[in-house]
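What follows is a pair of complexes built around subunit A, which joins subunit B in one and subunit C in the other.
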Partner chain A sequence: MTLRLFWKLVRLLMKERMEYRGDFFLAIAAQIISYTGDYIIIWLFIQKFNHIAGWTWPEIALLYSISLFTYALGAAFSFVQMRDLEGQVNNGTLDALLVKPVNPYLYLICRGFNLGYIAHLVVSGSVLIWALTALDLEWSAMQIIYLVLTIISGALIQTGILTTIGATSFIWVRSGFLFNLFFKIKDFISYPLPVFGTFIQILLTFVIPFAFINYYPASFLLSRDTMLLSDEVMWLVPLMGPLCCLAGYRFWMYGVNRYQGAGG
Partner chain B sequence: MKAYIMFGVKSFTKQMSYRSEVWLRLLGNFAVIFIQAEIWKAVIGSGQVDGVSAQQMITYSIINTLMLALLLHRMSSQVDGSLKSGAIASELTKPLSYPLFLLSSGLGSSGYQLVFTVIPSLLIAWFAFGLIPPASGLHFAGFLAAIGLALSISFLLGYLISLIAFWVMNHFALDWMLGGFITIFSGTFLPLWFFPEAWQSAAGWLPFQFLGYVPAAVYLGTLSVTETMVLLVKGVAWSAILLVIVHKLWKKAVRRLVIQGG
Partner chain C sequence: MSIIEVDGVTKTYRQYKRFPGLLGSVRSLFTRQYVEETAVRDISFSIGEGEAVGYLGPNGAGKSTMIKMMTGILVPTSGSLRVLGNIPHEKRKQNSREMGVVFGQRSQLWWDLPVMDSFDLHKYVYRLPESQFRSNLDFCTELLSMSSFMQKPVRQLSLGQRMRVEIAMSLLHEPRILFLDEPTIGLDVIAKDQIRQFLRTVNEEKKVSIILTTHDMKDIEAICSRMIVVNKGNLVYDGSVSHLRNQLGNEQRVTIDFRFDPGTIETPGLTLIQDNGVRKTFLFERSHTTVFECVSRLAAQYPVEDASIETEDIDSVIRKLYQQLDQKERERREIG
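On to the complex of A and B.
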């Protein structure tokens, strides 16, 4: 699966989507409305209470936008693909994927590359840029590089976790409820983690690495102290993404090798 | 009537096959309530904001989170499935009312949710976070009435979306939009009394407040008796308006229906 092949695939997918142009744009408009709603409710909240645990609106907007932006990047490569695995395992259609002479994981995530996440990226990208300007930070080249690296890493963490959940469908056949749980747990990182106390911070740092998606990068950019990680390790944070993705991939391959076919 | 009860029972038992996942649902609900409870504790602390304490807000969150599991507005994917597979043709030829069929199967799964996730989650949340009892017996009666309104308005909104999908053929997009409006205007997370004035009056004109804010506010007794009565009457009026709209639209939709597969 080379990069050239992937771009060709993206062009084809774009053509496919443009066949139903009205439908595509309707879906995008709907997602923009939906995510704007999520922002508005947090904004209304902060209008009333001024801050959450000392984080003001632009800071929360930055935190939330990094979470949504990295989710969109990661999920474009993994969410629908992984969510639908359950059905493919059930119907036996997964077997068609396994006989192709390419790495099944790479084929699956690239073939399913989802252009629909463009709406998430537009909404969260614009708020992200607005928040960065509103915060009046002093930008050095290092900080810009750091932000870019942590966004890539965040996307990889999201992909890694979604991949891990998807892989459970090889073992348990059903995985839908784990995805629901994923979204509920992910809601923790819409807010600054100190709100939730020590246990949650330990959980989201060492067990499910959600905190590395946005809380640590945002804290370091905003020069805020965190309870568990000190400033010195800030450059280690972007390593979490590749690590997480690799772990997810390994688990997925382990699962697919165990897969014996469930239906037919 | 007996047929509809059977559809409800069928949908209840269909959900039973997922009962091993009840634990994950309970965990999910716990996480949602926990997040909101911690946030309210963080911003309100031990005092009060606008006469509302953190403990009251936690009860508000528990009611809203659990009610979300009971609402009936998510049937559009079911209707869409029947539309695209063509199964709707056989469903329409049956000697029963299609909307009532949808309602009874929706109520069946809500009944399942009530028994297997809402009540256990309620008990867990009660132990973990504490639950304020209803303001009075009268308020509790009003709360039950408000839940009835929430069920009927959520059903009608979901059904409206499903019908619009007969034309737009993208129930998914319509669902997202509805979700966006519910997020903001239902008060599920942030109650309307904390809204800025302009937003508050906008939310007051829309039907979404009945899906979250109204039942919880009535339960807590934060509204006066007259306000409560006015709101409940408004809710009945909204149900009636939506009922008329979906009734008209349903007639048009059936005439428009083109069976695409089957």
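On to the complex of A and C.
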């Protein structure tokens, strides 16, 4: 899988989308309206209570925007690909992937690179920039680097988790319910972690590391203390993404091996 | 030199037991009971460079499983398997550069984009130099007469056109082996014929080894000099097409039109199977006399208007082979 091949795929995917451009732009408009609505709901909520667990509107906007922005990046490379894997295993189209001189995982995620997430990126990117200016933070070079790493890491966490769920279709054949579960749990991180009890906090930190996507990095940038992680550990938070993604990839490859009858 | 070595290969699938009903599905989650199903049983053969081999068998005989093992998609349960000197699933990437694979019913083309785009992507996936890509594409475009639909979206192509595209694509990187899983399924006579001719050319001129599975015996007669027949996972025949025909196809059908009804005819060697008065059909079984001798003897005795001799077609030869196998199995069971 080379960068040249990836760009070729992106060009073809764009051309493919433009075959049905009306449908494409309509879908993007719908997504923009839907996510703007989500922001409005949270905003109204805060208008009533002034803050959620001590977090003000721009802070919550930052938190939610990191979650949505990294989801869009990660899901563009993994959500539809992994959701449809079940079908590919059943009807045998996965086989065609295995007779190409490319890494099957990388080819699969790039072949399915989803341009539809541009809507999520536009909405969450704009709010993110607004929130950062509204918060009037003092920016050092380190903090800017930290923010960039946070976004990369968050996208990798989302990809890693989606990949892990997708890989279960090699084992259980059906994996749809796990995707529903993913979105339900992901809803939790629209709000600061202290809103929830200890159990959920531990769950989202040590079991399924959703809190590493936005809550911990945002707390660090906003100089807020967290219950479970100390300040020094905060610098290590962006490592969670690569770790998660690697684990997901390994599990996926294990799944393919099992499908081939080599392992398992 | 052999490019494929299959030695005692067996593939069994595990199927976990499912229990009926809602409670059953919960139970399925926790039990590890399974049935083993053997798709390929202790098969051995070797294929030389440049050979064209038909891999034949009824549905569920394990044809696709064998192709999937040779291409490195599936791993054999036991036995040894080498393709181009490598163990296929271990050197999957390396071998894939030397292999073309066509899965008849599963397209890998970009449905909404012009045919040319799918070819173009292939160039990037296999990292082909422009000159090699061009000359191979031109070769295929001409022989498969594809120029008229190169710029059409794949979704607008007929099945025959799409199959031609798939086959052309599998050859662009100049593979040494071409695997085809039912390449002519569902095609009309003309499309079938064109594909057969093309595959023969590729095999003879480009020296590409071909392994194809099919249900259509005409594919094998037109392309392959050798065939491997499998049934219920077992190899039941491996040899030339003409040899199998000689071995089993020893019957010929003789139809004679008489000028007037000659009544009952007794001729040694010919058995009457259909009597329409002036037209009679006989079955001739190969023996010490030839079918011509029999017919000329008849013609000397009776007023014969016309005579036709039909050799059994290969389909019925194969049918006979399967029937023989079934019978053998039944006998074995009765003894056991």
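In this section, the second predicted complex is superposed on the first by the 259 of 264 C-alpha atoms of A that agree within 3 Å, B and C clash if a C-alpha of one lies under 4 Å from a C-alpha of the other, contacts with A are read in each partner's own complex, and residues count from 1 in each chain.
Assume a residue touches a chain if its C-beta (ideal position, glycine included) is under 8 Å from a C-beta of that chain, and two chains touch if they have at least 3 such contacts.
Predicted model, so just to flag it, every value in this text is computed and none were measured.
**Q** Based on the superposed arrangement, let me know which partner A:Ile152 touches: subunit B (first), subunit C (second), both, or neither?
**A** A:Ile152 contacts neither subunit B nor subunit C.
**Q** Looking at the overlay, does A:Leu98 come into contact with subunit B only (first), subunit C only (second), both, or neither?
**A** The answer is second: A:Leu98 touches subunit C but not subunit B.
**Q** Which partner does A:Leu181 contact after superposing on A: first (subunit B), second (subunit C), both, neither?
**A** After superposing on A, A:Leu181 lies in contact with subunit B but is clear of subunit C.
**Q** Does subunit B (first) or subunit C (second) touch A:Ile40, or do both, or does neither?
**A** In the superposition, A:Ile40 touches subunit B alone.
**Q** For the overlaid complexes, name the partner, subunit B or subunit C, with more touching residues on subunit A.
**A** Of subunit B and subunit C, more residues of subunit A lie in contact with B.
**Q** Quick check on the superposed pair: does A:Ala30 touch subunit B, subunit C, both, or neither? Answer first, second, both or neither.
**A** Only subunit B is touched by A:Ala30; subunit C is not.
**Q** I'd like to check the shared interface: which positions of subunit A are touched by both subunit B and subunit C across the two complexes?
**A** None.
**Q** Please name which positions on subunit B make contact with subunit A in the complex.
**A** Residues of subunit B touching subunit A: 18, 21, 24-25, 27-29, 31-32, 34-35, 38-39, 42-43, 49, 168-170, 172-177, 179-181, 183-184, 189-190, 194-196, 199.
**Q** Please give the residue numbers of subunit A that touch subunit C in the complex, ascending.
**A** Answer in residue numbers: 2, 4-5, 8-9, 12, 15-16, 19-20, 91-93, 95-96, 98-102, 107, 260-262.
**Q** For subunit A, which residues are in contact with subunit B within the complex?
**A** Touching subunit B: residues 23, 26-27, 29-31, 33-38, 40-41, 44-45, 47-49, 52-53, 174, 177-178, 180-181, 184-185, 187-188, 191, 195-197 of subunit A.
**Q** Contact residues on subunit C for subunit A in the complex?
**A** 11, 68, 71-77, 89, 92-94, 96-97, 99, 101, 103, 106, 108, 110, 112-113, 117, 120-121, 124-127, 153
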